[in-house]
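Chain naming follows the written order as A, B, C, D, E, F, G and H, and within any one chain the residues start at number 1.
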Amino acid sequence: MEKVIFAEDRCKGCEMCTAACPKGIIVMAKHLNSMGFHPATVTEQEKCISCGNCYRMCPDQVITVRKEEKK
Amino acid sequence: MEKVIFAEDRCKGCEMCTAACPKGIIVMAKHLNSMGFHPATVTEQEKCISCGNCYRMCPDQVITVRKEEKK
Amino acid sequence: MITIYERPQSLTANTMHYCPGCTHGIIHRLVAEVIDELDLREDTVGVCPVGCSVLAYNYFNLDMQQAAHGRAPAVATGIKRVHPAKVVFAYQGDGDLASIGAAEIVHAAARGEKISVIFVNNAIYGMTGGQMAPTTLIGQETTTSPNGRDAAVQGYPIRVAEMLATLEGSAYISRVSVHNNVNVIKAKAAIKKAFQTQLEGKGFSLVEILSTCPTNWGLTPLEAAKWLENNMIPYYPLGEFKAAKEVGS
Amino acid sequence: MITIYERPQSLTANTMHYCPGCTHGIIHRLVAEVIDELDLREDTVGVCPVGCSVLAYNYFNLDMQQAAHGRAPAVATGIKRVHPAKVVFAYQGDGDLASIGAAEIVHAAARGEKISVIFVNNAIYGMTGGQMAPTTLIGQETTTSPNGRDAAVQGYPIRVAEMLATLEGSAYISRVSVHNNVNVIKAKAAIKKAFQTQLEGKGFSLVEILSTCPTNWGLTPLEAAKWLENNMIPYYPLGEFKAAKEVGS
Amino acid sequence: MAKVLMKGNEALGEAAVRAGCRFFFGYPITPQSELPHYLAQRLPEVGGLFLQAESEVAAINMVYGAAGAGARVMTSSSSVGISLKMEGISYIAGAELPCVIVNVVRGGPGLGGIQPAQSDYFQAVKGGGHGDYHLLVLAPASVQEMVDLMAKAFDLADKYRNPVMVLADGILGQMMEPVEFPAEILQELPAKPWATDGARGRGPNLINSLYLEPEKLEEHNHRLFEKYRQMQEQETMAENYHTDDAEVVVAAYGSTARIAKAAVDMARKEGIKAGLFRPVTLYPFPTEEINQACAKAKQVLAVEMSMGQMIEDVKLSLNCRLPVSFYGRVGGMVPSTRAVYNEISALAQKGGEQA
Amino acid sequence: MAKVLMKGNEALGEAAVRAGCRFFFGYPITPQSELPHYLAQRLPEVGGLFLQAESEVAAINMVYGAAGAGARVMTSSSSVGISLKMEGISYIAGAELPCVIVNVVRGGPGLGGIQPAQSDYFQAVKGGGHGDYHLLVLAPASVQEMVDLMAKAFDLADKYRNPVMVLADGILGQMMEPVEFPAEILQELPAKPWATDGARGRGPNLINSLYLEPEKLEEHNHRLFEKYRQMQEQETMAENYHTDDAEVVVAAYGSTARIAKAAVDMARKEGIKAGLFRPVTLYPFPTEEINQACAKAKQVLAVEMSMGQMIEDVKLSLNCRLPVSFYGRVGGMVPSTRAVYNEISALAQKGGEQA
Amino acid sequence: MLEEVVLAGFGGQGVMSMGQLLAYAGMLEDKHVAWIPSYGPEMRGGTANCSVTISTEPISSPIITEPGTAIVLNKPSLDKFAPLVKPGGILLINSSLIDPGYFRPGIKIFEIPANDLALEMGNTRVANMVLLGAFIELTSAVSIDSVIESLKKVLPEYRHNLIPLNRAALEKGQQIAQNQ
Amino acid sequence: MLEEVVLAGFGGQGVMSMGQLLAYAGMLEDKHVAWIPSYGPEMRGGTANCSVTISTEPISSPIITEPGTAIVLNKPSLDKFAPLVKPGGILLINSSLIDPGYFRPGIKIFEIPANDLALEMGNTRVANMVLLGAFIELTSAVSIDSVIESLKKVLPEYRHNLIPLNRAALEKGQQIAQNQ
């Protein structure tokens, strides 16, 4: 399952999350979303450390972050 | 000639000058002026040291202060 | 997997109308998170201003009042006096609070009005097309200072936090920023402290938040964050200017 | 014999309407003396407020404008910008300046408006019958705080000089009193410095003058002077809060 | 309750308290200051709040906040101060909030003077603020009526979710007459499920006057005017005095109507068929009532302490079918009974001629 | 000068500069912001001053100070912001100071919307502020007329020592049309010996609206109204379009008059004797002119972007002798040419019947 | 019965409270009453006046432009109000402060040395009561008892010791008027 | 001659400047012109539109409620303005961004793949010019030369290098329209 989930249609392509990610894994997609923006996305989910930086810097509540449940 | 002159009809009898005079020579007259107040006055002109304290504390520009011309 | 970060309850699901990268959105979320964390969603009344955040009532999942330009502190006062047990906050821009609303904010602070003010300082009038604000920096170009703000004609930017801290009634006053992660975390802590100050009846609380306006600054969102750091923070130092003892302890 | 103290040229011969012992009259005279001494009678425009001094235009032998309640700094700004070479002063009470006119005074100071403000703080609304002012002391009884000002409801008195001194545009800010001789002399010096600050183009200047309202305080003029000394000065410390270097030197 | 002798301004205060008003936000100004002075003492006694705002602008916006929070709330001022409230009043009307605004009118324009006047009629009834909106405007003519209309004002405000203005003048505010108050202090107030008091167990409430889509804003305006239409239908009030057979009808409100009444008495003594029509609601204007009152009239005389403002509504209400003349004093001057009588008498001689 | 294509708001700015205006004090608001933006750039170029005030209240009081100091000075705003200026405007009228106030009207009440409206008519012409006073109100209907009336506004202000309002709306402010400006920038302005510029070699001057004695204040009011009477005699302006033989006369001003004109064209094509009466001065209202324009009329139709405000002046001017109907859109909605045509056509069928 | 009276004098002479007492007394007698003050900004030493209407019928206008009686306590008030008294009306002059000899045909003029009489009784502050007593004698607008009753309601308890003096002053005025 | 045209699209598509150019060109040809924009608060990504009137007679109303021509650059604009076109009028559709196939009887519909054509010419920013060229071909409201003349006046000197590209785009639009 994904750690970081983007509500793509809310994204305005501002790139604030990309700069915030310590792992540099957030990239802007080629396609346009329904508002006409290139949405942010993460393909290398496994590299995500669930730090929440992207969530914190996203002005548009696009991002939900999850982490592995501690056993 | 008088050192301290009161424009009697401007006086509102507030007594601010009496408290300010270092010589304690300012007194309130028995009679009423045209505005219905007991005006301030000085009878012992010779005791006046022309310090201007009364002038300075009078809110109603009642008082003119003069001094002997230096020879 | 458990969800650790997601849209707070105190925000609605509506997409915000703010420009891409405008940090108004981050600030909204921080306020909502604090309300959620303090479990105040059903005990809070918010007041939104006239400015880009005029439509904040579409985003906060709370009872809200829309206030006339600059008058949010007066409106918040009216609400708080009627419902002293509720939490009341006002959300204001720098034109709203520091320009037209200067009297209302000074007096709310002097009265020790038990409200919390979220003061979004983006050094410009966002909504109306980038005019000079009282917080616009010297030399900054805006549509009403086209050749840069000139102190000799237009005077000096106001440091609101410092000014309000001189008033006896203000209990908690701080300045934070949201241009990067570390500061967002601090900003949230400050907002929480402001709400706690109110909850504890200590008096007036205000958090001045340095914020970006990429659109009217003519910068990309990331450039705007840098500009804020390089230009605003030096003039508007971050920190607590006043704090009642033992708040939130 | 030579005359050493008499009514200054910049006052008319009209008898003032102020109550007996009201120190508004002293302050008028001090302003006029300073204008005389600086030889500015034909180069000064005064602005009078709404308050007991609303009729100041009958007493100052100068071009005068009567301003709406609280707006004297804005009116003075309009005049000064049209005639930058003239000297413009505003005369305001504490209700006028610190309550309804709080935004205008803060912004005139922030703009560094080259005007001088004579701010008469008598801790009450004189004209309208003794209501609470923003400067009314805690516990002080007024017609709108009949049981004494209660900080929990009505908040705290504002220290205007201290607040305005935080603004970059203010060049000269001081607080003086006229309740006795020594202080009258100091008050005049401060007023002179304020005018000189303006003449030298240094920025905004304001002299806060503690003043009595025997009528609404319910005291004789001499009792009022004592009350001022014992109650106002402890809360409103006298002194210079800001002074541009080398003014009037 | 026994009658007490009371100033109009103070009576307004006590009447407000008895009508359940617990919140006052205002700023001092002559000649209405006795009202805030009274409430500063009285409101805390009944657990209410008196707050002196930093300005009239702040006061009306505090009223907005408190009204939106569900309280019975009022403010008061005089002329100059009311002008400062125009933005706020337009907001309150736009956001459909109930509250009571007292204007104890004094002479204008500008700082003007402090003596009684009626020169704020246009501002009160046409909307001195921007946009299409109306206050409900009540004009008492005695201290007792100030008491009665004050209670009514709060009820109407709640009924229509609309600001109500009580329009008095310096005479009414300052004068003492015996008054009787309702014995009970109203405790139970109408429920306000729309108020913002924390969204406990329900969806969020919103107090607002912004409609960015013009279609929505137009709809909103039509909704407001539907309320005004209902007020016109249900709420107009007027007093008729000897109008049944009157050939000269004097139209006057407030203090001026008292003077006009005495002038009508004088005229009747002289055998002139004079009558008085006194609108009590200035908005909505009692259109039907004035037409009835003027059924036999040949001449109408508007008397105001203004340069002529209500006269426009008189003419419009009568569809200009009768000659309407004007007599007014301004700036704090008060018409004398004799002067009004003289006008009546001159008109009586004219018959149906155009004035 | 060659024609240039310009926005109404900007054209107002340039016209002011050419009319010798050197001082602008204002506060931003949509939809008039292009005017301050333009002047922020332009005024310093001609040695003038653009100052953004801290609020509309401060702005109008800066205007008071500057006008009292003898300058040609202006401010501008839109609806909400104009309401905040009511006290100041009443002071300016009371102190008899010349200045120009632009209102680019948007939908109300309250925060309302930002689209064009005409719902501030009452506020502009009846006096939204307290007291008996009047602004001279000019209502342009094209960008060229904005330019022409702006110059006129400054002249009238000085001539009567009275504030003049230019009443536009969002459409006029935002639209571009070709305009020609007067070639010269006015340099020589009328002398103002009453201004406060330091009492050099003369007795003190005073700018004031306070008259504590009611006798004096009444006299002052009469003096003001004597000015208004003169304006009514000398300054009314109106445009007639096909009114000579018109049986249906549409009365409309500003943008709405443009729409009405097109509707009249449409009606004429259909053989309906329609005409347009367009008041250019809203105060004083062109009473004589409308009576002339309606000489042949059987029906009058007031069209406004409001719930019906100017219609009252139309009725009063015509002494209600003709049926006057109303068509309006509000809240930023703009009447369509066809809708106005439909109203005209319906009225044409009615003939002289009461509407 | 309709009494329309104007009372005028300097700020400190007690004309306002005299008018209020009169109105209060009228109310206690179940008459219709109204009291209207002049008002102004805080300016010491100015003149103050009020008008009182007492009537057995509902009062049409409480605003008195032609008083049936004017009670004037100082010279400026005489100048202002004496000419307004309606033909057949009464003018009560405080002759302690106003030179005697004012005359206007068609009205009844009474000169009462109110301050002197009050001084005789030991307290100039009841000069107004002397005049009020005279007024009552001349018009029977209200009874002295009602005035005293009103005083009891208006004065705080600890001031009730002043009531006998006030009654005496009222009665003194009554006597004087009887004898004029 | 009276042309009433509405131009509509997304914020960045250049509809406002296209309308202004058209009005400017009309003015250069000594025609009566007016340009009215939609305006709103700062909200990105919204739609923008303006209307232009060009006429040989003085313009009665510059406010267009039934356009003779609508030029629509995106789907929302099609939805909003296509129904308003007056019978016999013209609808110009940017078929690069709008699915083909819109139909309304009684009006002339032209589908122009403006973005694609502009891209072919090396710069999608001139898509609006392609549409303007087509409009000119269909209505002769103004001449291409006047548009170019206007561009010279509107563009700052250092941008004049873009003029040939714009002319090419206008002419491309003209051609395409000729052939439809």
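By definition in this document, contacts are C-beta pairs under 8 Å (C-beta built on N, C-alpha and C of every residue); 3 or more make two chains touch, one makes a residue touch a chain.
The shown structure was predicted, so the numbers you read here are calculated from the model rather than taken from an experiment.
J.: Trace the shortest sequence of touching chains from chain B to chain F and report its length in steps.
T.: Steps on the shortest route: 2.
J.: Report the chain whose CA-based centre is farthest from the CA-based centre of chain D.
T.: Greatest centre separation from chain D goes to chain H.
J.: Distance-wise, how many Å sit between the C-alpha centres of chain F and chain G, to the nearest whole number?
T.: 55
J.: CA centre of chain C versus CA centre of chain D: separation in Å?
T.: 34
J.: Measuring from the mean C-alpha position of chain D to the mean C-alpha position of chain F, what distance in angstrom results?
T.: 40
J.: Of all residues in chain E, which are in touch with two or more distinct other chains?
T.: In chain E, 30, 49, 51, 54-55, 57, 80, 87, 91, 95, 110-111, 114, 208-210, 212 touch at least two other chains.
J.: For chain A, give me the residues that contact two or more of the other chains.
T.: If we look for residues of chain A contacting two or more partner chains, we find 12, 35, 37.
J.: If a residue has to touch 2 or more other chains to count, which residues of chain G qualify?
T.: 40-41, 44 - these are the residues of chain G that touch more than one other chain.
J.: Using the touch definition up top, name the residues of chain H that touch chain F in the complex.
T.: My answer: residues 20, 23-24, 27, 32-37, 39-41, 59-63, 65-66.
J.: Spell out the residues on chain F that touch chain D in their complex, using ranges where they run on.
T.: 23, 25, 49, 51, 53-55, 57-59, 61-71, 73, 87-88, 91, 95, 196-201, 204-210
J.: Can you tell me which positions in chain D touch chain F when the two form their complex?
T.: Listed in rising order, the residues of chain D that touch chain F are 41-45, 47, 54-55, 57, 60-68, 71, 74-83, 86, 103-104, 106-107.
J.: Considering only the defined contacts, which chain D positions touch chain C in the complex?
T.: Against chain C, chain D makes touches at 99-103, 106-107, 110-113, 134, 151-152, 154-159, 162-163, 166-169.
J.: Quick one: which bits of chain F touch chain C in the complex? Just the residue numbers, please.
T.: Its residues touching chain C are 27-30, 33, 36-37, 40-41, 44, 49-52, 54-56, 80, 110-111.
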